[in-house]
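Both complexes below contain chain A, partnered by chain B and then by chain C.
For the complex of A and B:
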């Protein structure tokens, strides 16, 4: 919690606004997909491949089809059209066609009267296969392989995407450098761990329409994928997003089971539900990629950065998913928060026979940020300068351009550094705490919305918001933005209420339903506050204009003499002369009936013209400087993070409760990856597909988190705001790693940092004869 | 076929032709449409399915429905009257302790039982009480704050 809250200029925005659907959630009345039942609903079941890589010779479903209570059995040949979240890498099918690519790949599906019958039917399906070579290690897929996982692999290899970029002259910079630091990192895969398992319901009706309820964070892309694969025009498909129990990126791809569910509904004419168990969730994954990287940093005598030279090999698993973006991000998201005059990157994402990796909170930025920040800590030590001073010396200035042509507008990175340095008491602690205790700094940088939408045909805004107000005075807000717990419904309502002067309870955010919600591209790349916020503000300004014109007629004062007050419109400097919200509304309705208003947002053109120039361009960026304080038990290697000072620049804070919630949740998730979360594989078999074996941090392990919100208004953000959903994660991990170094004098390059690694690290340091802090 | 299961749920006597292997969570969600109780893992690891049996927080995904025979089961639907909220629920809303909300009914059941038994718990007692409930969104910070606030009469 932050102590002093700055004075506000707005009635609602900037305060602590409780989430509008909170009362439903705390009473169990919020409706999630699995809470919905439709009359005559069938149970959908999926047969998953037990083989990591196998050619499907025959999938015999005759017995299953004949079983009583079985309504449909599907195999891959029925809907073989490939899809994927990125239009350029459609390499998934709803059900495996030709071969199975990982343990968990869907090879057949059934719809049955109940769960038991579905299970029995799945057990009755006979699959004959020819096993194929299994590829577990991405390094083994870099050259030609006997049986590429996908035909589209680069030159007979398993490389899904290779990115090579060079800006400036990196070799010349290294030749001139006084300091050259090199770190190599190895990062285990981690997964989202949202509490709500995926679920989908689909219903095809005799009017030729298909309705799909799904736990998705990107309803629009699901809408498109359903249409493409099923061959049904989009206007005959209705996608509804009920409440979603967390996403963090894991519900952002259109997923095969969603399409299978719809296909089963089409086959049977009955509603069908597919509900995942926790193992299904783990096997579907799309979490953070296992990654190996190398970061070289060249710097001058004062520690000014001269060049970055970065390489990454990224384990993609069986499909592309967001992988092309991931491959770019593992390089280009190192572009901030510092000025990097020369930059070279080679990234390769490689298919393996594992559950697909995809987008997870702070997608593409987390691992590279970790390596860079650890390397900078080493650089500060080599230069002999305080880590804060080193970072301040290199900070990107506001309104500047990076070497790869990212447009930087607002940045309060320096203010972040100042805040976490003073609040943490850094100067009295760094290298001064007793052995076993330490303090560390890590910095963050993340996109506030991706400038380029994934789909750009047809050309349309990234977000549209519609308002409808009838004589009852309730303001209905329609928008396909996906609240998955981050509070976007609340922000949407608050922005509208703020602009038109209404009470928050007057505004109703209507559940996402493609029949009525205008397109928003969904909850990914931390785009919602920025893009939806701007669209909402414009829609509300439109409505406000209509109300002001009506009030002008009523009061006889021209519009420019009128101002919006709380639930009323007032004549400026004449508070006695005012009309109520309803009076103005009813006047405005006289000729047109219910009012409608609309607003949209498209990000401005930006970025270079070279190949891949758009990757990482954003209308704004968030910045962070976190300090973590840790205590290490040097005997057992167990450590506790006691305190995190999270200085964050999200521009203007619109909902303090939500921003703090995002930071606290991000710290928790980041610490999880740092302290132990890991998708453990024996070759390609996931060994810990449960929350018992895949450990998420318990409340005892949470540090105290101080949210230091120091951002200045962004020139283009809604009311000056930027993102706070993903950026808050990235700085957490390196801050803790650097604190561990301060505590015990050991560098950790690989994640997670488990106690055994800490013990081993301390032993190695001692063996090398290096003492630490008078130990 | 055994005799129908007799159990009280949220104060109402229920008779259900419940098979012996029926899990309490399935009885509640699937048979009785009490969907406020959530299914997060089916394995006793997340706490989303927490209900009370005779007032004691219990994981309904690990409980056979038959084991509640003759006892009182309370779910999230049964702890606050009508359209109202109890102190814990109000504090959860006010403090932002619910983000995606999927874990929330479980936390509310755990916290409400805690405050019933220990109206003024220490922070450590709160942390211990909720350590069987998992939240991926909040980092628990605001959940703990909400329980503290409810314990002090909603003024903190």
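For the complex of A and C:
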């Protein structure tokens, strides 16, 4: 919580706006997919592969099909059309075709009258396989392999995507450098840990239409995938997104079970529900890629960055998912918040026989940020300069261009540095706290929306918002933006209410329904506030114009003399001359009936012309400078993060409550990855598919978090705002790692940093004869 | 994942319970707090057709002086300030079990007899099926220490070590009447993760009896785990004793979370009785306890680390019992 809040110039925006759906959620009345029941609804069940890699010789479903209460049994050959979230890497199928690629891959599906019958039917399916070599480690797949997991692997290997980029002359820069730092990071895979397990309901009706309710972040991409795989035109499919209990990227792909559910509904003519338990969620994964990276930084005598040389090998698991984007992001998201004049990157994403990796909060930017920020901490030490000064010295200025042609507009990174430095009392603490206590700095940089829509044909806006107002005075807002708990419904309502001067309660955000909601591409890449916000503002301005023209008729004053007040339209400087919102509305409706208004946002052209130039381009970027303070029990290696000072630049704050929630949640999630979360595999077998053994941070481990919101208005963001959903995560991890170094003099390159690693690190340092802070 | 069908029995007296247990075909499980049993049932781990719920048996509930009914909820003991002041080490152990919400259901008897745990056992049916099951459920081999004879599942209760160092006894009722045994005599040190107690068929825990000597005895409990909530112990170390002016009047150490049963280390602490403690002696004791335990790799943290922490915990435990050199108060 920040202490003093600046005065604001808007009635609603900039305040603390409770979520509009909050009362429904906290009283249990909000409707999630699994709450929905349809008449005659069947239960869908999935048979998952117990083999990591196997050729399917025969899937015998005769016995299952004959069981009473079983309505359909599906195998991969029925709907074999491949799909995937990226149009260029369609390598998933609803049900395995030909091969099973990981323990958990779906090899058959049933629809039955109830859960027990479905389970019995799954048990009755006989699958004959030829086991194939299993590939657990991406390093095993870098060269030709006996049995590539996918035919599309590069040159007989398991490499799904290789990115090679070089800007400037990195070797020349290293030759000139006074300092060269190298950091090699190793990161366990982590998964989202959202509250609501996935659920989908599908119903095919006799009018030839298919309706799908699903817990998704991307209703539009689901809509497309259903159409492509099932061979039904999009206009005959209706996608509805009920309330969603968290996503963090885990629901940002069209997922196989969603297609299977729709297929079962088509086969049976009955509504079908598929609901996941937690193990299903772990096996579906699409979480953060297990990553091995190497960052080399060249710098001059003053610590000015001359070059980055980065490599990454990332473990994609069995499918592509967002992997091509991830491969780029693991390099190019190192581009800020510093000026990097020379840059080289080689990234490879490799298929393995494990649950697929995908997009997870601060997708592609988290692990590389860790290695870069730890390397910069080492550089500051080598140069003999304070870590804050080193970063300020290298900060990208506003309105600049990076060497790979990212367009930087607003940046308050320097203000972030100043705020966390002073509020944390850094200068009195850094290297001055007793042994076992430490303070560290980490910075952040993230895209505020991907400038490129995933699907760029046909050419369409990124987001469209429709408003409808009838005589009752309620403003219905239609948009396919997916509120997954991050507060986008609230922001949508608040922007409309702000612009037209209405009470927030007048505005009703209508549940996402492809029959009525104009397309927004979904909740991913931190795009919603920026893109939906701009579209909503435009739609509201359209409506406001209609109301002002009506008010002009009523008052006899020209439109340019009118201003919107709270629930009224006033003549400028003549508050006695005004009409109410309803008077203006009813006047405007006289000839046209209910009012409608529309607004859209298209991202501006940007980026270079080289291959991959669009990856990482965004209409704005967020910036962060976090300080963390830790206490380490040097004997047990157990440590506690006591305090995080989170200075963040999201431009103008629109909903302070939501931004603070995002920052606190990001700190929690970042600390989870740093301190305990890891998908533990023995070869390809996930050992901890449960929330007991997957170590999400416990409440007592949560530090005090000071949110220091120092951003200035962004020139293109709605009311000057930028993202606050993902950027707040990335600075957390390196800030703590650098604080651990300050505490006990040990660098940690292997995440999560479990207590045993802390003990081992301290021991190794002592063995090397290096004392720390008079220990 | 759902529960298989079972028949639920709800006796109200110990005698009725014992009688009932004799006549149930196909086997049964006691249902105490259910916080561990029911999740295990959902994973289809050794399910039985009958459950005997003990919640309605009055005699099993509540505390009277040093006697604690086996069905007393951990949360109730936590709120019992007189109990906490009398048995500080026990209170620490109880407060470390799982989460506050779980402790509202979980019972002290349930924690003493909590099922042993292992990465290869506490998994869903499809997960275990994909590996061909294990000795402890549905299979014939151990995946932790590959062989077909001994199960290495780890004893994971927090309360047993804390009771053991206070010389607690338990009262057991069964077809042959009632008997009282030292707590640790419940556990089968010669058994394994499957054959883990000396309870006979149809025997149940009635109560825990703390001797008068336990009241006010300095004692403490330390728990190793990744998170300070939720997690079962990766090591739980209990200590009790009187150390006056550096001289050991009494001292007991017990550990759980390391092997298939909780155990005391009397053979290692015994020689210190009457002796003056020195930093050297404490270190030697800590090292000897470390060498005495044999954790295996079937929990989250590596066995080497867990063993090393045994030594750290022993030093800290002894330091907390009396102001002595060489230990850092944890």
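Please note the rule applied: the second predicted complex is superposed on the first by the 775 of 775 C-alpha atoms of A that agree within 3 Å, B and C clash if a C-alpha of one lies under 4 Å from a C-alpha of the other, contacts with A are read in each partner's own complex, and residues count from 1 in each chain.
Here is the rule we go by: a residue touches a chain if its C-beta (ideal position, glycine included) is under 8 Å from a C-beta of that chain, and two chains touch if they have at least 3 such contacts.
Since this is a predicted model, take the numbers as computed values, not measurements.
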Which of chain B and chain C A:658 touches, first, second, both or neither: first
First, second, both or neither for A:484, with chain B first and chain C second: first
Partner chain(s) touched by A:608 [first = chain B, second = chain C, both, neither]: neither
Touching partner for A:759 - first (chain B), second (chain C), both, neither: second
Which partner reaches more residues of chain A (counting touched residues only), chain B or chain C: B
First, second, both or neither for A:15, with chain B first and chain C second: neither
First, second, both or neither for A:244, with chain B first and chain C second: first
Contacts of A:26 with chain B and chain C, given as first, second, both or neither: first
Contacts of A:689 with chain B and chain C, given as first, second, both or neither: second
Partner chain in contact with A:635 - chain B first, chain C second, else both or neither: second
Shared chain A surface residues [contacts with chain B and with chain C]: 277, 690, 692, 698-700
For the chain A and chain C complex, residues of the former touching the latter: 48, 50-51, 103, 115-116, 277, 279, 633, 635-636, 675-676, 680, 685, 687-690, 692-693, 695, 697-701, 754-756, 759
Chain A contact footprint on chain B (complex, rising order): 29, 33, 35-46, 48, 75-77, 80, 85, 88-89, 92-96, 98-105, 108, 127, 130-131, 134-145
Interfacial residue positions of chain A with respect to chain B in the complex: 1, 16, 18-19, 21-32, 34-35, 37, 192-197, 243-248, 277-278, 484-487, 657-658, 660-661, 664-669, 690-692, 696, 698-700, 702, 705
Contacting residues of chain C [partner chain A, same complex]: 1-2, 119, 122-124, 126-127, 129-131, 224, 226-231, 300-302, 304-305, 308-309, 312, 328, 330
